[in-house]
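Once you scroll down, you'll see the structures, which are given as structure tokens.
Two complexes follow with subunit A in common, the first pairing it with subunit B and the second with subunit C.
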Partner chain A sequence: MLFFSYFKELVGREVTVELKNDLAIRGTLHSVDQYLNIKLENTRVVDQDKYPHMMSVRNCFIRGSVVRYVQLPPEGVDVELLHDATRREARGG
Partner chain B sequence: MVAGLKEFTARVERNGVYEPVLDAENGEELMRVQPGVSIVLGNRPPESPGTLYISTKQVVWLSDVDRAKGYAVDFLSISLHAVSRDPEAYTSPCIYTQIETEDDEDESDGSDSESNGVLDLSKITEMRLVPSDPNQLDSLFEVFCECAELNPELIEEGEEEHNWIFSADQLEDEAIGDDSEWPVPQNLSNPIGQSNGDHDLARTVLELQINDQRFEDAEEMEHESDSDRH
Partner chain C sequence: MSWAGPEDVYLSTSLASYLDSRVLQKNCFLVLKFCCLSIPLNPGFNVDFELSTSEKMLEFRNGGSTNHFFTVEVWWSNAIIHAAEKLLVLLRDGRKLLGILRSFDQFANAVLEGACERVIVGDLYCDIPLGLYVIRGENVVLIGELDSEREELPPHMTRVSAAEIKRAQKAEREASDLKGTMRKRMEFLDMD
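Our next item is the complex of A and B:
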């Protein structure tokens, strides 16, 4: 749940979602659900030479189970909030 | 296991119209019927005319002319779906999907799916659905999203309310007086892996907790330095 809660904070920001098949898509995080399904808007493929057919895609739905990494905007990482959350977790709630 | 694309021929006539036979006993329901849809498998030429059926479990395309011809793919196998409108990417606006196949690790460039002229559906990694009416694309996309959300990975424990967050306002509303904004999983060994099987992420959380000095308790450290001075 930590990641679901955390990704919710990033709605509206630019992220890069890297899939397990190596495709990486950059876009504005539109929404995320508990399964970490991710909807992106204003997307663009990072490696356009390798995936030219994905260039035109402007919005997409990515299944949570195929996501390898989500690259976060540095300014979207709230250290204080994470500090709090992890500390609570360490105390066992 | 992941099945990928498969043939689908089970159809039933209802009021003079053919429909795919669904697994109603297990709660499968038809969510959308879209006539006038061509299907494009991998780099093959489009097949048409046909009708698209979206159920709570799968996407089915049936040929309008050849009753023995049809394809289906479970939502569990659809990694990604999107609306594609740029004519440079594909000549017609379409729903673009990527399909997870058994041997995804092998480098396949689409040509693998065909050997000796025989099409191996289980190796198809891309499917495009081209409606004759492009105005249907957005609503089709939404139905795809809705149904994909109905099909999480099979290992599921403690179903929770489905809860999309769309705006910062919603977040603020939630945050007010809500101490559980950052819920704490009790089972630290696998905090989120159980919902999506992504152990890399789970491990990252553990490493953050255990190794990162930044997450040490600042208040306690201040107390310590205070007592040193006394």
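Our next item is the complex of A and C:
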């Protein structure tokens, strides 16, 4: 549940979601759920020419299981805080 | 599954929130399978009611102000949303389906009405009609809402017949197969 809470903090930020089929989509994080399904708004595909069918998609729902990476804004990560939280989780607290 | 707290309800519904007020504004009603109930969802229509007492799954809230429409939080899978919105569904095998979303659940299983597959080969494309499709959620990669004000495809792409696109698809597949076998034969050169 840690990364779920973490992603909740990122709502409203601009992120790039890279999928397992190599499609990379940039957009504003609108919402996220416990499966880490993601909804993006104002989306644009990074490699527009390769994926012409995505041209008119303005907002989309991405299934969590197909996400490979989520690229975050640098200021969106508080590394110290995340360290502490992961340690706490590993201890089972 | 037991009834979860309001927070969990919201969180388990990103697909539902995908069909957020923007979609629902355009639609006239929502049908609950359980109670055989149709609820008009006109903008400005004042609804404040809840079905969450037992295992029922829908909660309606009025946004509070007159120009803020409903947020509809769908819990569980039994809501059929009559949405007149055209969607693009990308599947894991790379297929692109277009259609009108009629129903979905928490696994992203979805029912598409009037579905068609958009085959794109180079600058050619074709919409092959398929009819009513039930898509198993695990095959879904992405569900996108198509903006009706924007062009669906770049202007240089041309629409061709189904037979023609099949031919182009076959040619493309053969070309990539050939490339694969050539590479295999050249492997001894150790080009890396």
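Criterion: the second predicted complex is superposed on the first by the 92 of 93 C-alpha atoms of A that agree within 3 Å, B and C clash if a C-alpha of one lies under 4 Å from a C-alpha of the other, contacts with A are read in each partner's own complex, and residues count from 1 in each chain.
Keep this in mind: a residue touches a chain if its C-beta (ideal position, glycine included) is under 8 Å from a C-beta of that chain, and two chains touch if they have at least 3 such contacts.
A quick note: this is a predicted structure, and the numbers were derived from the prediction, not measured.
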item	value
Touching partner for A:R68 - first (subunit B), second (subunit C), both, neither	first
Subunit B versus subunit C as contact partner of A:E89, first or second or both or neither	first
Subunit B versus subunit C as contact partner of A:L19, first or second or both or neither	both
Touching partner for A:P52 - first (subunit B), second (subunit C), both, neither	both
First, second, both or neither for A:S31, with subunit B first and subunit C second	both
Partner chain in contact with A:K39 - subunit B first, subunit C second, else both or neither	both
Partner touching more residues of subunit A, whether subunit B or subunit C	B
Which of subunit B and subunit C A:C60 touches, first, second, both or neither	both
Residues of subunit A at both interfaces, subunit B in one complex, subunit C in the other	4, 8, 19, 21, 23, 30-34, 37, 39, 43, 52-63, 65-66
Subunit A contact footprint on subunit B (complex, rising order)	78-90, 96, 98, 100, 104, 126, 141, 144-145, 148-149, 152-153, 160, 162-168, 171, 181-186, 188, 191-192, 195-198, 200-201, 205, 208-209, 214-215, 217-218
Interface residues, subunit A side, partner subunit B - complex	1-6, 8-9, 11-12, 19-21, 23, 30-37, 39, 43, 52-69, 79, 81-90, 92-93
List of subunit C residues in touch with subunit A within their complex	8, 11-15, 17-18, 88, 90, 92, 94, 96, 108, 118, 120, 137-138, 140-147, 150-154, 157
Subunit C contact footprint on subunit A (complex, rising order)	4, 8, 19, 21, 23, 25, 30-34, 37-39, 43, 52-63, 65-66
